[in-house]
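Before we start, here is the structure in question, set down as structure tokens.
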Amino acid sequence: MKLYFQAEIPIKIRFSDTDAMGVVWHGNYLRFFEDAREAFGIKYGLTYLDVYKRGFFTPIVKSSVEHKAPINYGEEVTAIAKFHPTPSAKILFDFEILNKSTGKLSATCHTTQVFLGVESREMELIKPSFYVEWEKKLGIKI
Amino acid sequence: MKLYFQAEIPIKIRFSDTDAMGVVWHGNYLRFFEDAREAFGIKYGLTYLDVYKRGFFTPIVKSSVEHKAPINYGEEVTAIAKFHPTPSAKILFDFEILNKSTGKLSATCHTTQVFLGVESREMELIKPSFYVEWEKKLGIKI
Amino acid sequence: MKLYFQAEIPIKIRFSDTDAMGVVWHGNYLRFFEDAREAFGIKYGLTYLDVYKRGFFTPIVKSSVEHKAPINYGEEVTAIAKFHPTPSAKILFDFEILNKSTGKLSATCHTTQVFLGVESREMELIKPSFYVEWEKKLGIKI
Amino acid sequence: MKLYFQAEIPIKIRFSDTDAMGVVWHGNYLRFFEDAREAFGIKYGLTYLDVYKRGFFTPIVKSSVEHKAPINYGEEVTAIAKFHPTPSAKILFDFEILNKSTGKLSATCHTTQVFLGVESREMELIKPSFYVEWEKKLGIKI
């Protein structure tokens, strides 16, 4: 059985999130995934600022999104981030956006992040030691 | 030999496009792809408004992006949209973001759009007739 | 003594809210004021959708913002909307953004909204009757 | 007669600039003013990067916007920045957004910027010497 490390966060749709079709503009979903990733970081101690203090950025290098159903203004959604263990020096997440107002799955997403030295601006080819310890502490099986 | 129908557009990076890493925030690339798609529409007669007047929206249902190199404020990029013919009732595009300031390929993207009736808000399972005519007029081989 | 009808809402700063100066980009404050206005609408029954159902949009025609202190990524703010009664066919709000992490007032704002018919797209010169009733119900003294 | 130092730039409205009212969301005008300010900077040698290289940021501390007429998707606008000389250690601009498709004035704006040391993050109380020289070179009368 696969056990997920995951976190979720409720998101209120802003009027400014919508477009002239009357639904949330597709590019704004990236903000919702960011919210879920940060909720995960807060829950498990891996926020953007935690990572930055250890000397790293973790930019997104790949993302793929599937839109299943539109989101209208006034609807409420839940963004879910599921951590996906990997042996490589990457951070992988699967995301879901659930539309609480309609009960429908609105979108799914997969992202790949790498470790970039704040000073060097070079990509790390092996996992930074602080990250290996973080995995160990959480009991993450790869 | 595969002949592409394609269009490109220069894009100036806005200060508001950047984030605290000092580079363009990954979600803002979706705006650049949108610019390239619209440049294609203007060149070949398939803008958002052309399609809307025929009774359709063409929302993005899938997108996948690869980030190869960051873009800094002050740099200039070119966004390129390449039309990808398909027999199904979908519009497929491949995109590239070239960083003119560094000469590097910054990002690639693939998107899938479907046809949605403006009134019905239902997805069309076969290509709308106006679109079939548009393909024919351009001599698009599927 | 002037009694305010007001509402407040906590806001988490997103990474995408920041710019290359490392602080929240000034244009993004408009989103925070929008959040406070909507929180007010939920508290007192005057949300965007409530107004829309009565046949009106209430677009912003004037806004003035003062920035007192920057907001950094990772900081938490409270957005406060204070309703400002007026005899004219306008909706007036005063806003404050309080930085909870620093205890400082970050920004203030005043906005003016008008009533626009959804169908006519014309500006109303007198208050719509639903709005007069809403004011009466709340006991708003002009 | 008052002589203005001014610059203008054409702006294409993006689909993502619109909201569910079908017009450009009011907060996005700040991006258009930013474009005009940067066009001014390019024309007269006072871009964000020029200023940054001299050791300063010039954040917006005040902005006031008036919206005269909405902008629809597909319309083209011109953003104009007019420099407003002042003896104080501030940069003042007046802006106009002209809707080329309708011939109407869409919005006006006034902004105030201050000089902030990149290192100190403190506000300068007198004009930095590079800026005094810039004014002199342009023959700006205060």
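By letter and in written order, the chains are A, B, C and D; residue numbering begins at 1 in each of them.
Definition applied: a residue touches a chain if its C-beta (ideal position, glycine included) is under 8 Å from a C-beta of that chain, and two chains touch if they have at least 3 such contacts.
Since the structure is predicted, the reported quantities are computational estimates derived from the model, not experimental observations.
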Between the pairs A-D and A-B, the one where more C-beta pairs touch: A-B
Between subunit B and subunit D, centroid-to-centroid distance (C-alpha), Å: 30
Computed distance of Cα centres, subunit D from subunit A, in Å: 35
Averaged-CA centre spacing for the pair subunit B and subunit A, given as whole angstrom: 24
Multi-partner residues of subunit B (each touching 2 or more other chains): 15-16, 23, 27, 30-31, 34, 73
Chain contact topology (line, ring, star, complete or other): complete
Sites on subunit C touched by subunit B in the complex: 15-16, 18-20, 22-23, 25, 27, 73
Subunit B residues within the subunit D interface of the complex: 12, 14-16, 30-31, 34-35, 38, 47-49, 73-74
Residues of subunit D touching subunit C in the complex: 21, 23, 26-28, 30-31, 34, 57, 59-67, 70
